[in-house]
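Questions regarding the structure given below will be posed in turn.
Naming follows writing order (A, B, C and D), and every chain is counted from residue 1.
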Amino acid sequence: MIDRYSISPIKDIWTLEAQYNRWLEVELAVIEAFEQLNIAPQGTALEARQKAKIDVEKILETEKVVDHDVIAFIKVVTEYMGDAARYFHMGLTSSDVVDTANALAIKRAGELIEKELDNYINSLKKLALKHKYTVIVGRTHGVHAEPTSFGLKILSFVSESERNKERLEKAIFDISQGKISGAVGNYANLDPQVEEIALRKLELRPCKVSTQVVPRDLHAEFFSVLALIGASIERFAIEIRHLQKTEVLEVEEPFKKGQRGSSAMPHKKNPILCERLTGMSRMLRSYVSAAYENISLWHERDISHSSVERVFMTDATILAYYMLNKANFLASNLVVHEDAMKENIEKSYNLVYSQRVLLKLVEKGFSREEAYELVQKYAMKAWDQKKNFKDLLSQESRILENLSQEEFEELFSPQYYLRNIEAIFNRFDFSYL
Amino acid sequence: MIDRYSISPIKDIWTLEAQYNRWLEVELAVIEAFEQLNIAPQGTALEARQKAKIDVEKILETEKVVDHDVIAFIKVVTEYMGDAARYFHMGLTSSDVVDTANALAIKRAGELIEKELDNYINSLKKLALKHKYTVIVGRTHGVHAEPTSFGLKILSFVSESERNKERLEKAIFDISQGKISGAVGNYANLDPQVEEIALRKLELRPCKVSTQVVPRDLHAEFFSVLALIGASIERFAIEIRHLQKTEVLEVEEPFKKGQRGSSAMPHKKNPILCERLTGMSRMLRSYVSAAYENISLWHERDISHSSVERVFMTDATILAYYMLNKANFLASNLVVHEDAMKENIEKSYNLVYSQRVLLKLVEKGFSREEAYELVQKYAMKAWDQKKNFKDLLSQESRILENLSQEEFEELFSPQYYLRNIEAIFNRFDFSYL
Amino acid sequence: MIDRYSISPIKDIWTLEAQYNRWLEVELAVIEAFEQLNIAPQGTALEARQKAKIDVEKILETEKVVDHDVIAFIKVVTEYMGDAARYFHMGLTSSDVVDTANALAIKRAGELIEKELDNYINSLKKLALKHKYTVIVGRTHGVHAEPTSFGLKILSFVSESERNKERLEKAIFDISQGKISGAVGNYANLDPQVEEIALRKLELRPCKVSTQVVPRDLHAEFFSVLALIGASIERFAIEIRHLQKTEVLEVEEPFKKGQRGSSAMPHKKNPILCERLTGMSRMLRSYVSAAYENISLWHERDISHSSVERVFMTDATILAYYMLNKANFLASNLVVHEDAMKENIEKSYNLVYSQRVLLKLVEKGFSREEAYELVQKYAMKAWDQKKNFKDLLSQESRILENLSQEEFEELFSPQYYLRNIEAIFNRFDFSYL
Amino acid sequence: MIDRYSISPIKDIWTLEAQYNRWLEVELAVIEAFEQLNIAPQGTALEARQKAKIDVEKILETEKVVDHDVIAFIKVVTEYMGDAARYFHMGLTSSDVVDTANALAIKRAGELIEKELDNYINSLKKLALKHKYTVIVGRTHGVHAEPTSFGLKILSFVSESERNKERLEKAIFDISQGKISGAVGNYANLDPQVEEIALRKLELRPCKVSTQVVPRDLHAEFFSVLALIGASIERFAIEIRHLQKTEVLEVEEPFKKGQRGSSAMPHKKNPILCERLTGMSRMLRSYVSAAYENISLWHERDISHSSVERVFMTDATILAYYMLNKANFLASNLVVHEDAMKENIEKSYNLVYSQRVLLKLVEKGFSREEAYELVQKYAMKAWDQKKNFKDLLSQESRILENLSQEEFEELFSPQYYLRNIEAIFNRFDFSYL
């Protein structure tokens, strides 16, 4: 991933050095298991740990000769390891190390991502709570529908994000599986107990069945969830972009002091962060198909998944982290123009109340069809002639005959639309904020 | 594809009967080639043509036994064919028939699609021409940028569609390749001349190299182009959806008499057709990855592409046709509110002229930086205080000192932004409309 | 979906009639809730149920006028409903009906799919159990690695499928959410209790937050899981296709009596079913990206998801069902050539035992590096000269000096590689088969 | 893109410094156009060129304040530019610079990729030519079909790659479009002649219509072609992987001296490069959907495409280059075992000649059906009993009665299958190699 989007701490997971360190972690956990099972003499693990030396440059040099990264790693790391070296990687195949280490990496990346997701959820909750009773027009098909609460709009992102949190937790749990089962997954040269002990030390679980590798549906699941998180942020970003359109301008992305929106047009304040997030979601989504294609490996494995994962594991986790980090910034600092929300409702000639009129007429004994036709007639007239729907209706005899003045007036109140907001908010826990 | 989106004539290409007819077309063209090369006696082709009988039900019945659609087809079609039957499918492998017939089908579908594309382009051109000098605010990042012409906006779809037409023509040309080269593409049992003659009759060309099948990169190319066409219509649909938003309302999708926008809200006029087209583009896009995955067949072929193509060849061509048909309807019947376009420009406090002021100041000797800062300062003030940018500027001493009243006034004219529209329109041919 | 792949009962879910019936189910459940809450008089629901009439043709006719499917449905269904009609769809928006009914449809489709998945898992388990101790060579990178058990190979599909079952159950649970929350999801004209009661009757749960629609991440999740199931079957199909290659021929897809493999080559027995399944997985995978793109709807909803879902909901569920049905057939009827498995191991000159020799040498005091180089030297010689690795080694002095004859012989036994198979199988429950 | 896959010279295109240099190239070309049109005084361009200073670190620093990369670039580059600075970026919008510079970058990347594609094609041609008459069994569905030529197999990759070359050339031509048309593409503050002159200097063409940006269908087209190239290499890689399977072993990926195939199994020689390439094609394919989603920008542009392109433009071009470079290495150094090809044909009991027998019988007066059934009967017997098809047939009376011994023998000759190879090769130009 390019520097521009790589933030610490997530990016530190993906350095070569960090990778070699994880490989060493796995190899040492196996030696500890050997000790515990009396396969290796007491003290071997300690000796291995003390004498292991990771020299990134040297490993890369060696790889050029042997054309195999794990073998290069072993050669360099065990060079001065003395007797302990014989237990190093003993009975293991490269994928025992690489895939178990990958599980560690993805799990840790997942945990960092979850933390940012938590932050984002909390900021959204605060925003939702603050605007629980802020009236905004609800829009369907991009067209004014009925009044609603801006807080409720935000709450839908809370709800989606909570689902994503649950999915992420499941995916982290599922990806926390390693394998120390040897070349074709049958423990030919390793006792299953070695795997059990070593993985427990690493806080991973053994796969119920592995081949040479950990099955790739687990990875596909994990990266699907990242794409779902991306899509949810995309939805949030697109909502803001819509609300920031010049004619609407109900919210604004925070605009930094000194910031410039355009090299040509000094007046511009553009929702560029939201647009950036929108684009990033496309990337996260695109990685999913590669992750799915990685599942069908040949026989006990082919290594075609590896080049793919070298690219997208890094990129997808870094992008997801970046997106959540920025989405949290947006949710925390969003500029909200409540007045504009109020003004905008007016722009549709009171048509947003059409259903209430319809339902009231039905209540008064009209058939649904009659009521619909009556209301639609005046609604279309209001649109076409840019006249106020309420005014037009107020002169219609069928209204006058059936509704009292008070009843009629009452139909055009935005507050009515918020009467069940409390019930919805009660489904969420805000107490810990 | 579901009935709802299947329009004639494109859907008629994909009936089982039409498919068997194409298979027969190919088989007969081969027999004609046999005759021409004196491999079969004169009159064989005629006899075969007259006695061939396509009985869809019977073929399906037979397929249940032999589990092979082409063999079932041959059995049934040649049942009463007499002597000519021995030349029927002689030396051919099923894919000679199926893939050549598929080329015919896709080519014909492509030609139908191209006709709709032409209609769409022409309607767009008319719309562009009509609104060549209709002023509308140009929007970048969803925010008012500078005035432009609504016709120019439409012209960008013309231009994109003309590129797509060129791509489609290339793709149709490329897909017009058949193969009569036998089981593994080496003409073991067939003279290459048979292929040449038969395909010429079918108005196809031979692949330079075929395996058992026509190479699938050709199909991938074709279906990529459909997805590009889809994406272009999606862009058009999204533009309309934006312009139809209640606060903007510069254009409207045609709304039929009797139509109802919502079961709940009688006032609603929603751009549902545009939304439908937006969604369909997602489908067309999604088929591309399947088409690409079809390329890497094993050795001289495996048949994994077949189930995929049975679904997406039909679906993608039908959807593309439907989309163009409806996009043409939209372009021909779009409701345009020129007055709203004019009014909306006003909504941004004359800020759309900020660059002109900037450039004028630079012309008057300001450094770019000075000018930018001056203009941005008043621009931000205009936004924040909802004041008119022009009014604010008119009291700034640095403006007063450097610009005459006339010069100043002249900066705030939308017409200025249309002075090069003619030059752009001149790049296109409208003469034939 | 095309007829060819549409099997009952799953296809019956997706008829127009079934859809209208589900819509009616939802509308009636709401009326029942009205009754229970004393919003409608007792008996209304019964009257509505008895008088409701679904006339598919008439609804389609009406839709042509009103250009809205739900409104057309209501018009026709309530035509002779009498008084109950006023409570029909009262306060609802179309999506309350459509999305809730979709939840019913997908849930039911999911349950049918799960049943087939169960069948597939059970057949795989039986196959695994039967071949628990059948030796086959494990292959990594397509190259002989070490001996393993054919049953274990199959068990990896069991394990993956059990994960998919768990995912499917979660996805079915998650998709079992409807909404009766009105035009913008704020229960403006409906008590939240109506939703609660109506959905409970339908065995669904209310969304914690809905907009006009049920949030689309739920659908994306569901269809991702179908693609994972597809990918797992693809892996199974590819495994069989590999094992059926002429040079390997360890298993064969069942070949029906009377079946013909090729119209040209009478000798052919091709794994066409496996190839078909391979292709179908590409389709399922491709739908995922469309499902993900559906998530970011505008504001309280736009309807762009609808055209997409009309196509892929049907197609994806039907394909997934078909694939599982056929995969189950394959797993139940696979032709297994144990003798060929034994013979094929021999084809790699005993090289599959190289790691055991390596580890034995390390055990005898060699450094890992020394041992690797010694073994690799003879391994390459065996490959290059097509000589038996064991024979070559048996004359190497360093072997002779360090290993007894018995120790040496013991290294070349395939049984050794199965000693931990039992431990792996014990992780699964076979008792209920 | 990760270092591991980034090779010079393609990676040098994508450094930040190279990017700023391209931006400067564009800005200077515009100033030159200003001079030529007497908008700027003579000598301005020279002064600007001499005094422009690209300081990467300082630009990045400045960007942190202004939050806009082009503005930061302009500030730093023009800092010591003196009078020429006023003509720098005058009337331009950022995208005039960025998109035109991107066109330069992609065009140049495309040209580098094309060179590698040429190398790959040439190596494939040499390989094809060398093995024009090397007999190998053709395989369909993974199963022996009929004999063919290994050179022909390779020629199918030549043919596909030549198509890709043509596509790439078209895509490079199409992407070679810049825009200097200002903020919303209407040349409000710039004469169209400026664009014409400046782009000609840069060897680019103007878009017929641009918005604020160059239309993204051009990029989608370009990156689709890279994915097609990737898919073709994937097909090549998968072919090799199949042919290198232990039981087949007709070709081998070059194995370097000192290379190690497995950390566990010293005997392993794995086609890891081919597997790597297989995986990379998945990445290239996945970028396509992101590129397609980039097309539908809002109005005169939104910047959502930018974050996507920052990632995939770099990654896709680098991967495509790497893949071609390695594919060329493979094609040039492939180890071919002609003897194994010969031996493998034998493994199918002479069944590969079944069609010839069938056709001969038809020639002798059998009906197609009779002949098919006779041949299939013996073919199945040969498979099932592992007996030689020729031997079995030789005792069948209907054969004895209709074919002379010589005629019968002649049916089982692999050479027969190569008789039209020359005709296919003649369709290609090998003369320049």
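In this text, contacts are C-beta pairs under 8 Å (C-beta built on N, C-alpha and C of every residue); 3 or more make two chains touch, one makes a residue touch a chain.
Molecules present, by chain and UniProt name: A, B, C, D = Adenylosuccinate lyase.
Computed from a predicted model, the values in this text were never measured in an experiment.
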item	value
Chain pair with the higher count of C-beta pairs in contact (A-B, B-C)	B-C
Inter-centroid spacing, subunit D versus subunit B (mean Cα positions, whole Å)	24
Chain centre separation (subunit A, subunit B; CA means) in Å	32
Shared interface positions of subunit D, touching two or more other chains	74, 89, 91, 139-142, 145-146, 182-183, 189, 241-242, 260-262, 264-265, 270, 272, 275, 285-286, 288-289, 293, 298, 302-303, 355
Chain-level touch network, classified as line, ring, star, complete or other	complete
Residue ranges of subunit B in contact with subunit A within the complex	137, 139-146, 241-242, 244-248, 260-262, 264-272, 275, 289, 293, 344, 347-348, 351-352, 354-355, 358, 372, 375-376, 379-380, 382-383, 389
List of subunit B residues in touch with subunit C within their complex	1-2, 4-5, 65-68, 70-71, 74, 89, 91-94, 182-183, 189, 241, 256, 258-265, 270, 272, 275-280, 282-283, 285-290, 293-294, 298, 302-312, 314-315, 319
Subunit B-touching residues of subunit D, taken from the complex the two chains share	74-75, 78, 85-86, 88-91, 138-142, 145-149, 152-153, 155-156, 158-160, 162-164, 167, 170, 174, 182-189, 191-192, 207-212, 215, 217-218, 220-221, 224, 227-228, 231-232, 234-235, 238-239, 242, 281, 285-286, 288-289, 292-293, 295-303, 355-356, 359, 362, 367-369, 416-421, 423-424, 427-428
